[in-house]
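See the structures that follow.
Two complexes, one shared chain (chain A), two partners (chain B, chain C).
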Partner chain A sequence: MARLLGPLLVSPALIVILLLFMVPLAASVIGAFEVEGTVGLGNFTKAYDFYRQDIVFTAVIVGLSTMLTGLLAIAIGGYLTLGENAAAVAILRWLYRWPMFIPFIVVGQILRTFLAKSGLFNSTLVALGFLDPLTATSYLDWRGVVVAFVWKQTPFVALMVAGAMASLDRGTIEAARNLGASRLRILIEIVVPQVTTTLLVGLVLSFVTMMGVLSVPLMINAQAPTMITADIAFRLSTYRDYGVANALGLISLAISAVAAWFYLRVNMRQSR
Partner chain B sequence: MSAPSAFFAAPHSGFDSLRGFLWWVPRAAVLGTLAFVIFGPLANLLIWTVAERWYFPHALPIDYGFSYWGRVFAPRGNAVQSLIASISIALFTVAGSLALAIPAGYALARLKLPLRGLVLLAFLLPQAFPNLPVYVNIARLFYEIGLNGTVLGVVLVHVTHGLVYAVWIASAAFSAVDRDLELAARNLGASGLKGFADVTLPLAAPGLMASAIFVFLESLDEFTGSYFVGAPDVTTLPLLLYSAGAGGNYQIASITALLLLVPSIAFMLVVEKFLRADVLAKVGQ
Partner chain C sequence: MRGVFAQLCNTEMMPYDAYLTLRSLDAGYGRTRVLEGVDLSIGKGEFVALLGASGCGKTTLLRTIAGFALPSAGSICVGDRDLTRLPPDKRGMAMVFQSYALWPHMTAARNIGYGLRLKGWRREAIAARVAEMEALLGLEGLGGRKPSELSGGQRQRVALGRALAVDPDILLLDEPLSNLDARIRLTVRHEIRALQQRLGITTIHVTHDREEAMVMADRIVILNKGRIAQLGTPQAIYTRPASAFVAAFMGAENVVQLNATCSANRVDIAEGPHNRAASLTLGLPAPRSGRLEARFRSEQLQLSRLGDEATDDTSCVELIGRVEAVVYPGGQWRHTVRIGKGSVLVDAAEALPPGSDVLVRVPTSGLFLFAAPADTPSGPPSAADGPSPVRDRLTA
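What follows is the complex of A and B.
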């Protein structure tokens, strides 16, 4: 009885995951190969013919956003760890977390207004004299999507990275500092190599999250080329074409798998 | 980190204090830019909520007013219905997730479980894949069994998505409870169930509260699943925001966004009170 209690208590939750996650996931894989009742690659050739450009666009946009997120997270975490001015560190610590829990749908809406032609971003640049009002343009294309992703994901990765950096042994850092190493050099050569695993976990999670976001591309970049998620939604709402939608879904899973594989490879090399 | 720098700065000369002051120029520039990047978009949202008329090339609204607030909160307005739908779905989602996660979390923390690591990993899966392909197929499945466009359907999707937070945090919360206190209760004659209800559960309550808040917010903010499974019959706040924005009504969209923003930011400010370090350290173990 006691032996069975554990599995018994876990099983309801597991069944929910099985029925409402694993079964639909399997259905999406099977559905991708279903062409008019038989098995075939027709959906993939169609997806490639129609959405080749969007697939590349998605991979590039998400890759670029992940890279920028990583760089900013290292900069923020690095300053929180190595900064020598207590007031500046405290201000940064208070400041950087704000976007973390703001949902993507809200991020999409606020950046759609901020980055518009007459949004507050352009108005501020004009007021400061950096921009001529006549040449002002909207940023609501791939740039807006990248800004939205980086804006929302940086605090999350920075929080993880800063946590890992805070638990490092300070002895090496102080020693390097006493030997005259600059803080930038300490960050790049001592701190970052020791938090690579945490950084990569955060970045892979961010990459996967961005691959699945529908609201941001729909709200900020509603023109071609757009992201795979928007194509899937369009394929369903306009044609009820589950075959091509599932093929596109599988392609986005494959792109995420490449990111996860990259993470595992770096991680393995580290632990060896 | 501040101690050694204070030590080195101890012999204050006029030159040192000038140099220390001048360092604030680049610091203020960087922090100011960051503050603008973070609060600029939020300020833009706030302005839109009170803008009556605003179009290019005006840098600021032409008229200000609260007429859109009146429209949003009109007793029979869409927004009030969406707000009620969103909050009830979120509450049902919390109830469902906790009902599943408390037994599962307790088993993961305290009981013998074969393949424990694999079970923990299974709950992580919904976060480890892009969700959209899954929602598409849940919607297809729900359509066949009549769950599409129902509150129950949306709640089930949100529960699945929220289970990772619920189970992982619940398990961590139970792990952080001192085992000796449970044993003491048993020694004093309490049954296993009574010991759990009177000792373990109250001690784990702050952690469970944190997981409940997480799940509540995730449900409140969820867009993609609700879009495929709920729309157009069930309209949550994110769906209302989306359709208002798509229709060009930025005032309604911004007010809705603000309604979603307030709980998210409030949670960010208090999260550390609920998620104590000793619980946080046990997440995923």
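What follows is the complex of A and C.
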């Protein structure tokens, strides 16, 4: 009886995962290889022919955003850990988390008005005399997407990284200061190497999150090239083409898998 | 480059020729004042231990000297250079942290050589210096290991090597032995002391371990509540504690209250319910007449059955009590003797059974007399400040 109780208790969760996650995933994977009733790579060749540029665009945009997110998170975490101006540290600590609570679609909305040709960003530059109104351009292209991603994901990674930095042995920082290391060197040579694992976890999670965002490319960058998510939505809503949509989904999964593989590799090397 | 070995010639310098000078130093965190009016001068090549219970301000004092905490008043000078407001790396001091604070992502050799890399040394020069440090500290062959692959003692030596590699004027040690297990600690004590003597480097060592301070330091600074309670050689502090606190901290945990009339260095002790009359001549000035607090260690006492004592001896304090318990910690039998409301620990070669009425003789050489604090008519006044086997026994 007791031997049956365990599996019985787990079964509701297991069934939910099977029905709502594993089955649709398997259906999508199978669907990606289904071409008019037979198994083949037709959906992939079609996806490659039509969306090759978007696939590269997605990988580059998300990769770049991840890198910038990492740099900003290190800068924020570093200032929170090493900053000597108590008031500035307190203000930053209070301020930096806000974007985390704003949904992607709202981020897209905000940046649309901010980065447009006659948006707040350009009009501020014009008012300050840094920009001629005639040469003002819209930033609502790949740059807008990167800004949106970085703005939204930095607080999340910074939160993780700052937590890891705060739990370091302060002695390791003071020992470096004692020997004459500048704060920047302490950050790069002493602090960051000790929080690499946490940083990578945060960045991989951010990478995967950004790979799946639809609202931002739709609102900021609706022209070509755009992101895979927008293509999937387009394939489904306009053509009801599940095959190519599934193939594109598998391709983004493969790109995410590269990030996960990279993380695992670094993690294994660290623990060795 | 001024090698560490070049400093060997400095070992013979006068120990009290002030090199590091602290003047009326105040420090604290926020509104809490941790140090108050600390004056201290340390000679070149001297080994000074800052000794005190936890919370007495010894680590704060070390961190203030190192530059990790800024004093709210007072000054810190080395020679005629005022360092009070200088950042930690401009003070010519290197610190060994309690946790060692080795960088886990760097090998032992990179840890040791990091300070030199910061100074912009060439790679070969760094390698040579690191090899010199490894040889000095017995770390040969371990340079390629990460701190997690080293034992506690080896980590401690890497931390020491990292501090010494930059050839500091002053070495600061923050409880460097507290993370080692007891047996290794005993040998490392002597290793650090021997190294310090060889290099002739001025050293300040923070510890809460009395014996460690005694065997390592040229002079001991006893801190109590942010002030210097006493400063002197280990022997002077041990044999002539300046206050009841210092006496208790240096192991004179037994305490009884006596009434006495004092003049110059003579003390006439009146007979009391638990002590006989005595006339003592002290080697140092006597406290003022009235109620006295007498402190003594459990060693070098005479314990005999009441009535069995050989002769009357009025040149020592004779206390009358009853044995409550006897244990054998090794060497001698340790008796807990109840005297009035309190009890004392007495070591003796032969065990007397519990219940025996006994006479405890305290010779003048091991007796420390202080004016009794007015508000505590019985019991050790500073017992709460230091470790006390008597108190532990009574509250157990």
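In the analysis below, the second predicted complex is superposed on the first by the 262 of 272 C-alpha atoms of A that agree within 3 Å, B and C clash if a C-alpha of one lies under 4 Å from a C-alpha of the other, contacts with A are read in each partner's own complex, and residues count from 1 in each chain.
Definition applied: contacts are C-beta pairs under 8 Å (C-beta built on N, C-alpha and C of every residue); 3 or more make two chains touch, one makes a residue touch a chain.
Just so it is clear, the model here is predicted, and its values are computed rather than measured.
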Greater residue coverage of chain A in the superposed arrangement, chain B or chain C: B
Which of chain B and chain C A:93 touches, first, second, both or neither: neither
Which of chain B and chain C A:194 touches, first, second, both or neither: second
Partner chain in contact with A:245 - chain B first, chain C second, else both or neither: first
Chain B versus chain C as contact partner of A:13, first or second or both or neither: first
First, second, both or neither for A:185, with chain B first and chain C second: second
Which of chain B and chain C A:174 touches, first, second, both or neither: both
Which superposed partner A:25 touches (first chain B, second chain C, both, neither): first
Set intersection of chain A contacts, chain C complex versus chain B complex: 174
Interfacial residue positions of chain B with respect to chain A in the complex: 1-2, 4-5, 23, 27, 31, 34-45, 47-48, 54-60, 100-101, 103-104, 106-108, 111-114, 119, 122-123, 125-138, 140-141, 156-157, 159-160, 163, 167, 217, 220-224, 227-228, 238, 241-242, 245-246, 250, 253-254, 257, 260-261, 264-265, 267-268
Chain A contact footprint on chain C (complex, rising order): 66, 68, 87-89, 93-95, 97-105, 114-115, 118-119, 162, 166
Residues on chain A engaged by chain C in the complex (per definition of touch): 169, 171-172, 174-181, 185, 189-190, 193-194
Touch list for chain A against partner chain B, complex: 2-3, 5-7, 9-10, 12-14, 16-17, 20-25, 27-28, 31, 81-86, 88-89, 91-92, 95-106, 108-114, 117-121, 123-124, 126-127, 133, 151, 170, 174, 205, 208-209, 211-215, 218-219, 229, 232-233, 236, 242, 245-246, 249-250, 252-253, 256, 260
